[in-house]
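The following blocks contain the structures, represented as structure tokens.
Two complexes are shown next, each including chain A; its partner changes from chain B in the first to chain C in the second.
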Partner chain A sequence: MNIIGIAACVAGIAHTYIAKEKLTKAAEKRGHTIHIETQGQIGTEDELTAEQIKISDVVILAVDTSIKGRDRFAGKKIVEVSTEVVIHSAGNLIKHIEENIKA
Partner chain B sequence: MNIETILNKNLINLNMQANTKDEAIKELTDLLYKAGNVKDEDAFIKDVYNREAEGKTGLGNHIAIPHGKSDAVNVTSIAVGRTKNDLIWESYDNLPVHVVILFAVRNVDKTTVHLKLLSQVAIALSDEEIFDKLLTTNDKGEVIYLLSNKIQ
Partner chain C sequence: MKNLNIKKNLMTAISYLIPFVCCSGMLMVIGNISGGQGIKDFNGSMSVADVLFTLGGDGLGLLAVFISMFISYAIADRAGIVPGFLLGILCKEYGYGFLGGLFAGFMTGYLANYLKNAIRLPAWFEGIKPMLILPFLTTLIVALLMRYVVGIPIHALQDFIGYTLTSMQGGSIIVLGIVVGILSAVDYGGPINKVVFVFCLGLVSEGYTTPMNALISASMIAPLGLTICYFLSRLFKRDIFSDEEANALKSAFIMGCCQITEGSYPIILNDLIRITICTAIGAAVNGALVFYWDCTNPIVWGGFFTLPGQNHPGLWVAALLIGSLVFSIICLLLKRKPVTKENDDEQELNLSNVKISG
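Up next, the complex of A and B:
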């Protein structure tokens, strides 16, 4: 699958980046392509491109706070969880998505 | 980028006396204060607890990453402490915490360099293989190495 998403935590200092790393590792381990944008204290990094969004099969929002640009995902399948879920069990989340979303 | 600007041996204590979360945060804040990185300990600790109120900072596997973004911070930096005592801490697995990594962040940072370093330390903490080493090593240099190996 082509997975995209956003990671953003309340402080934007630590959990955002741990969540991105965990999601990326878990998805790649299971053979998926993944791009995660981070919205943290530094600002937006690794901003999703229009093309990445267009070809994506699913959007994972690992967010504890309001995010910018949610309207970019209109019409997409969105899975929204807390950063806690991702940090604690990214692998299970990816498996769950595989089972429930047909690419 | 150089980790030394945010973490050095003066900011690490592998033999903390703390018996509680409060004592651990206080002990690490003392290190930051003595290094000149925090100018007002009480104000900083208050901001750390403001963050604690918003969600768990225990990552599981006996590691916690409290953080404070505060006017009381002079220099964005990290203090690392370890105690043999079981610290009760809100975490993903409800195990007691032994390693505390306290992020002190300036309210207004003129550059993003320090924030970038902090984010790369956070990325290092996504790798559970380093947790065992953080829990056992007696070498402060290794602690710095483990936390900085994702820094580009």
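Up next, the complex of A and C:
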């Protein structure tokens, strides 16, 4: 699958980036391509391109705060969780998504 | 209620608030170290230190304004800024304080959002809506509500909290310290910690700085405790840290000194339950001591950077070290060396936390 997503936590300095790393590792291990945008205290980094969004099968939002640019994902399948879920069980989340979303 | 997203909006506001609090706090610290004072009469002379201290102090005095505006903005986007700001000023001036700011922010945010969708105007008149109608109506309605309805119980609640805190003595103070300590530390800078942070911030703006002071040191227990535990483990030849953990510990320690607990995550996650037991006990001890010794400090964030603001720097550090030592001793007994394997032993996915839409 082509997975995209956003990670954002409250302080925006640690959980955001751990969530990104966990998601990326878990998804790549299971053979998916994944791009995660981070919205931390420093601002938006690794912003998703229009092309990445267009070809994506599912959007994972690992967010504890309201995020910028949610409207970009209109019509997409969106999975929304807290950063904590991703940090503790990214692999199981990806598995769950595989089972429930047909690419 | 669910789609009001109260928690997410509050967390967004806190996210904006943190740099503001750090920046004002740091100005105050530097001003304080260099002997500055808060200046009220700007006609007289003013040293650089006075400028810094006054700027930081006045900045922190605006907490109610900022929390109200940020919450309102998180909920209603642009339409929330002006009413949130004006209501925040009302809260500051009329003494509704930080607590009032919280309420005002939610009220203006939701109302602005509602009016944004509810008011329909002919196209040629649409421009006047965001310019005048939305901010004016929202501010007017919420201001009157605040002044004549909501403000009354808020005042009462504030007096009650203030009275309870000042009249607490002995045992109950220590219990409060234990509760604040545990709740601040137990999820390592996660949402529970942030809720306690909001609570403590409210108390700081009312002049009670001990709870926040306990939160500051409790947040540092895990990284400092892990560091002490590492050295103890070398001393007692207990092989409980993997090489990756020892490596991660360096940055965890530095970040911990600045009150960023998250640096310890790589180690904590290897053994979440055992280490959290250590954290809870260590933080409880620390919280109890900070309250017992009545350590106060006007700076609301910054780990060791708060030292210049501490009324009893020695005792505060002692509370921190004792808490960390308790942590490290329990950790030394409980912790196991992580087994390096392809880790599929992550936590079970709680499906109620997963929301799929679209």
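Convention: the second predicted complex is superposed on the first by the 103 of 103 C-alpha atoms of A that agree within 3 Å, B and C clash if a C-alpha of one lies under 4 Å from a C-alpha of the other, contacts with A are read in each partner's own complex, and residues count from 1 in each chain.
We take it that a residue touches a chain if its C-beta (ideal position, glycine included) is under 8 Å from a C-beta of that chain, and two chains touch if they have at least 3 such contacts.
Worth saying up front: this structure is predicted, and the values here are computed from it rather than measured.
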Partners on chain A (chain B, chain C) - clash or fit: clash
Chain B versus chain C as contact partner of A:11, first or second or both or neither: both
Greater residue coverage of chain A in the superposed arrangement, chain B or chain C: C
Touching partner for A:25 - first (chain B), second (chain C), both, neither: first
Chain B versus chain C as contact partner of A:47, first or second or both or neither: neither
Touching partner for A:98 - first (chain B), second (chain C), both, neither: neither
First, second, both or neither for A:57, with chain B first and chain C second: neither
Offending stretch of chain C which, after superposing on A, collides with chain B (from 4-12, 130-138, 238-246 or 346-354): 238-246
Residues of chain A contacting chain B in one complex and chain C in the other: 9-11, 13-15, 18, 41, 64, 82, 84, 87-88
Residues of chain A that touch chain B when the two form their complex: 9-11, 13-18, 20-22, 25, 38, 40-43, 64, 82, 84, 87-88
Of all residues in chain C, those that touch chain A in their complex: 5, 8-9, 11-12, 14-15, 18-19, 74, 189-191, 194, 260, 262-263, 265, 269, 272, 344, 346-351, 353-358
Residues of chain B touching chain A in the complex: 51, 54-56, 59-60, 65, 67, 69, 92-93, 103, 105, 112, 115-116, 118-123, 125-127
Chain A residues touching chain C - in the complex, by the definition given at the top: 9-15, 18, 41, 59, 63-66, 73, 75-82, 84-85, 87-93, 95-97, 100-101
